[in-house]
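Here chain A shows up in two complexes: once beside chain B, once beside chain C.
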Partner chain A sequence: MRRVLKHCILPGLFACIFAGVLFAQGPGTLVFGLSGNPDTLDPQKTAGTLTFQVVKSFYDTLVEPDQSGKIVPALAESWSVSPDGLTWTFRLRRDVVFHNGQQFTSKDVKATLDRIVDEKTASPKRSEFSAIKEIRTPDAYTVVLSLSQPYAPLLASLASGWGAILPSDLIASGHNFAAEPVGTGPFKFEKWIRDSRISMTRNDKYWIKGLPKLAKVEFQIVPERAVQVQGLGVGSIDALEFVDPDDLPILQSNPKVTIKKELTSLIMVMAMNCSREPLNDLRVRQAVNYAIDKQVVLDVAYGGGKIGSTFLDTGNAYYTDFSNLYPYNPEKAKQLLKDAGVGNREFTITVPQNYPLHVKAAELMQQMLAKVGMNVKLQLVDWSTWLSSVYSGGNYDFTVIGHTGKLDPDGTLAGYGAGRYVKWYNATVDAKIKEATTISDFAARKKLYTDALEIMANEVPFVYIGTSYRYVGTRSNVFDFRMTPNLDTFDFRWTEMR
Partner chain B sequence: MNFIKYAAKRFLRLILTIFIISTIIFFVIRVIPGDPALVIGGVDASPSDIQAIRAKLGTDRPLSVQYVEFLWSILRLDFGRSMISDEPVISLILQRFPLTFTLAVLGLLIGILIAIPLGVLSAVKRWSGWDYLGLVFSQLGMAIPSFWLGILLLLLLAIKFPIFPLFGADSPAGLVLPALSLGVGRAAILLRHTRASMIEELSKEYVVAARAKGLPESVIRYKHALKNALLPIITIAGIEFGYMLGGAIIIEQVFSLPGLGRLFLYAIYQRDFPLIQGGVVFIALIFSLVNFVADMLYSIVNPKIRLE
Partner chain C sequence: MVLRKTRRILFSLASLYLLVLVALAIAAPLVSPYSPTEQFLDRRFHPPGPTNFLGTDNFGRDILTRIIYGSRSALVVGIVTVSVALLLGGAVGLIAGMGPPAIDSALMLLMDSVLSFPTILLAITIVSFMGYGLVQVMLALGIISSPIFARLIRAETLSIKTEGYIEASRALGTGPVKIVFRHIIPNIMSKVIVQCSLTFAQAVVIESSLSFLGVGIQPPAASWGLMLKDARNYLVQAPWMAIYPGLCLALTVLSFNIIGDSLSERFNPRLNDLV
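Entry: the complex of A and B
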């Protein structure tokens, strides 16, 4: 018995263990560390960033942003908009097939758009398509959208993850896209073990010839930050989308890891509830702005970035700098607080605890506000509570949050001036933002947005902390991993492992 | 006849327990702040979009209607669909259950394998080197948080000496370190109880009588005393096992394992009402059924219980 144990069972057991470790991934496979499990893989039933980051590889959109953020043709090889802005015509590519073998035609575009605007789908992005009055398909490769009113942001919606085109026959048969995505994208869905991993293989019939270069991508869901970092360090993970600034020293000292620093499209803010006393007093909001050293907050909490001065990401083409308005000046802050008679009143910064960077930023700002004599305490809440109580319920004084960038400024600005969660009302701003959606000329739109953003910069319903950097970590043999500008989705089409 | 009456009574109690638990969880998750429609819609959805999502989820209807519907579905053992992922709750739970079950069994097995021999040795050789070793181990085992031990094990056996995988449970090797991290904590608790229980048994009169009869010491210890000493240990092990079936959230998080703990944790974060309800009822059902079966077995072995 002992012999059997010694010569057969034990070596066998160890062989199994080692084989499991060594052959977990095949050659040409990129293992991507994902911090969470996407809620669903259906691009039209969620607003979750994780979903869009993953499904970007399964689907294509009619148009898409290039690396500079400019919207360029994708499934549509060209498009035109009538002078009155009411008729949009898209000419489709003829060489595209879905993963299930179905040829891509105008029928699919119509079925997809119908699905989004159908109330039964309950898409969180439905409003973005509500200007579409009619969808016509004069032939298999032409789609004509008739709008009820001119609506320039539509192009950005069509280029975003939720504009993903689904095959019409599967829509008709009620296919479960949430669990089994089928698109025209560079990779075909293979398997999803919830909370563990998502595998995808190259789509050999992808319409951009020669792409994608990788044979396989595996999203490994690793929630623990320490494990992500160690995994990248030893090569169990080939790429990480987000490296916490605190972990940079360990990874930067590893010669087999490359860290790329890029400006995100996030708008980091401390929002103020302008309907509450004394934050409804402009002087108090100005004092809070003078009291915050934005660069310190960015550097210490967010790993650096460019300070902001109004409600748009600093790299945005529509951004205008107003940073001369409220430079760091604690003395001026004290004076303004005194003038406004704030006294020892207690304020609360409510922060979602699932974002450790925002918590750190809130702690810093709490200290900075204490220095000018404000009595501020910190309250941590979970994400759902934050959404319902703070964001939707308006039950807060201050909150720290990062707004994700959008392809079109309307995605960021719509509704401000008309009482979105900061409860700040300004009819001029509201009117300018609305008017800008009806114009497609860049210069004319920029003029309107600049006017609105200047008022927002002056009246400060927020402390505009700025736009942070992102640190993307890859193994040194990974080349050309891209993140889509503004959308922050993963683009593996050009990625190679050498 | 007596047995049938007793079994029926117990079964009614089980139904009542499940009913009370489902009612409590139904209302608790709706009283605390949070709205699944806002989680799905995110910060950019318009109020009309959020309203459409609520209508689809059915959360816009009166609470009483939702409650009756929920009770009716529980009666049919239908847990509904997840609000967030739109997948059937029962299939989400059953996908995770095998892993959590295996992990709990392995964790308990490791716990028992360490605790019982060391606990018995501690009791038999009181205040010897073995006893001190046992005491130090149980003190450490209880003081060290399992996530910390987990990270240490990963650093040593997955990074420094890459014997085990860093994450996931694709191969059986992936379960070794998590089971070990879980088992050490269980072992520490069980060891304490084994030692105390064994010491108590060894001081009882039947042991003195056995010694007087001239029975060998090994027979007294391992055949008579240990058998009796193990009874309370089995009860405690059972409770520990039940606790681990609910998912060892922290261990699953550290080792990136797709178990029940993480499923339920995120369900709570996202206010996924059907999934939280289904999870709680599922676990309560398993607990109650195990208890029910144990009660029945007890009453067969010891018919006196039925009369009490």
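Entry: the complex of A and C
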């Protein structure tokens, strides 16, 4: 009896305890430093990047961009478009379940798309889906979209965060997705303590076998930059999406921190109000462009990057370089300002104060404009004022902002040439951008966009500062943390902690 | 005795510091080595050294220069705030003290309600309505600081107006306006001056707080609060960006408080001459 105890039970017990400890720790918890609170966790009720960055882990989309930016199957295992571009057929995966246990079928796709186009949802992205005339579900795993006109950017919208598929039964019961997301994604929502943290645990039934590798991800909401950097340095934070270039020296000297440099898909601009005197004069806008040393602004304010020359991110497949048009030339700027008779007129750069990098860029550009004799002052406003007064109201002279990249160029360009916040009107540009949405062929689309972008590069409703680098900081034991190209969302599926 | 001597030394040091500060503020363009907004992008984050005595900030701007120019905004804000508060609060206090009880209660109710708001919150509210900037900050601070003056002056007026010499003067047919200017104001001046120095210190701190929060003085203008705001992000790599403006701010406020305390002791008949 004693021998049995000694040889079988005790080692067995130890083995159990040991296994229990291993299992409890799992493959690891990743703590991610998030710079702010998402406004909501409902992907169809916001345009906020923070929301999409977080909900990317809770939801899947029919199709998704791979690491090169190409759109590949996700919840739909394949799709086809009819030759006239009016009928899109998606074949769905059969092995997907929602976090609440419901099987994923075509019903969910229809309910989700209906929810987006429903005016009551008030989705800011609703117009991207307005070409959909009818949604049919011939069987549980087939969805057929009929469009009222060919609309190529639809695929990109379906691949974006706002195309996230929600479960139909919860949509029907009016579930509060804003506070408690339920999807098919790699992680299940656990808790959101506002201004503190959002935690999520692995979805063991995720449809890509073997993924995700992490047991848990916790978003710590840390708005203070110095605290983020310290956290990464001492290990209380495992990964940061964005390290300010000024903080790089501290982190680079730390052997336990790895910094990865990537080109973002941001389009940093100083927008000009083209309907205002004297900015409606092309010569003045050209002068402003000549006066700004874009590389210096990128290096000092944004931590380096590639200078831009038209209204698209420089890494985009549709981008064409026009940087020979307005190189840095303060003398030419002075001459143009003199010709246009600008004199000592006062201009204001209105900047949202919650974006310190834009404020920094604005301070730099103010000095550069002062050097060519322009009288420019700076005004900081809060984000809601910026949105209502500058972006919607068009009530400004200059403003500095970054446009986030989009999977489809139409997401960036739609509406330009017909006003938008720069109040710049050009019928040719407007027509070309509209026409490009009806064509699926890449080369033909690129031709149209290049024509439009060339006019925008010449007429400069903006100073196209360029596309900045992003420094992603992780602890050295974190591997394969990915950012989705163009969408800048976090992808923890392959991430591992060793 | 020792305590008294220490106080006297502190008072002298504080006065000396403030005199130097005022002199620097007035002579800023003459004594500053650089322009407060000029950026030297090849000289960012330089530690204190021979070319920049107190180092440079994230735009390569000279910190010493910005501190000197920042003292201008601090002092101007202090002076204007105290003047606005004194005029507004003084008028209310005198009217309340001299007028009929109904007006007294109404005015004091108004002043108490202003006083019941947290200072910074009320300042932000006023500034949000009027727009961000130096003038708006000064007006907001003036309005916020006025109830303290109003209460002080009213209380003093009420107690002085029952004095025998005022009764006598009134009996001789002197009008209330003349009584206020001839008798009451000279008699409350000492306490008001003490309050002025305390309010001045408070105004300097709140201006810095508002600028720190981004609703006060707008960049690239120099203000200590704004400098601290910029410095916050570089505490580890460029601590001098925070240390010097913070030190100046602390010393300025401390000096005004020391002077206020010393004056208050000096003017207080109960403490004077008896020690």
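Keep this in mind: the second predicted complex is superposed on the first by the 471 of 498 C-alpha atoms of A that agree within 3 Å, B and C clash if a C-alpha of one lies under 4 Å from a C-alpha of the other, contacts with A are read in each partner's own complex, and residues count from 1 in each chain.
Basically, a residue touches a chain if its C-beta (ideal position, glycine included) is under 8 Å from a C-beta of that chain, and two chains touch if they have at least 3 such contacts.
Please read all numbers here as calculations on a predicted model, not as lab measurements.
S.K.: First (chain B), second (chain C), both or neither: which does A:Ser392 touch?
M.R.: first
S.K.: State whether A:Val144 touches chain B only (first), chain C only (second), both chains, or neither.
M.R.: Neither partner.
S.K.: Should A:Gln230 be classified as contacting the first partner (chain B), the second (chain C), both, or neither?
M.R.: Both partners.
S.K.: For A:Val296, decide between first (touching chain B), second (touching chain C), both and neither.
M.R.: Only chain C is touched by A:Val296; chain B is not.
S.K.: Given the superposition on chain A, which partner contacts more residues in chain A: chain B or chain C?
M.R.: Comparing touch counts on chain A for chain B and chain C gives B.
S.K.: For A:Leu50, using the defined touch cut-off, is the partner it touches chain B, chain C, both, or neither? Pick first, second, both or neither.
M.R.: neither
S.K.: Can A:Gln353 be said to touch chain B (first), chain C (second), both, or neither?
M.R.: Only chain C is touched by A:Gln353; chain B is not.
S.K.: I'd like to check the shared interface: which positions of chain A are touched by both chain B and chain C across the two complexes?
M.R.: The answer is residues 224, 226, 230, 381 of chain A.
S.K.: Mind pulling up the chain A residues that touch chain C in the complex?
M.R.: 224-226, 229-230, 244, 246-247, 249-250, 296, 300, 353, 356, 359-360, 363-364, 366-367, 377-381
S.K.: So in the complex, which bits of chain A are touching chain B?
M.R.: By the definition above, chain A touches chain B via 16-21, 24, 37, 39-40, 42, 45-48, 119-120, 122-127, 178-179, 193-197, 220-224, 226-227, 230-231, 233-234, 236, 354, 381-385, 387-389, 391-393, 403, 406, 411, 415.
S.K.: How about chain B: which of its residues touch chain A in the complex?
M.R.: Within the complex, chain B touches chain A at residues 32-36, 38-46, 48-50, 52-53, 55-57, 84-87, 92, 95-96, 151, 154-155, 158-159, 162-174, 176, 253-259, 262-263, 266, 269-271.
S.K.: Which positions of chain C touch chain A when the two form their complex?
M.R.: Going by the criterion above, the answer is residues 37-39, 41, 44-45, 58-59, 132, 214, 218-220, 232-237.
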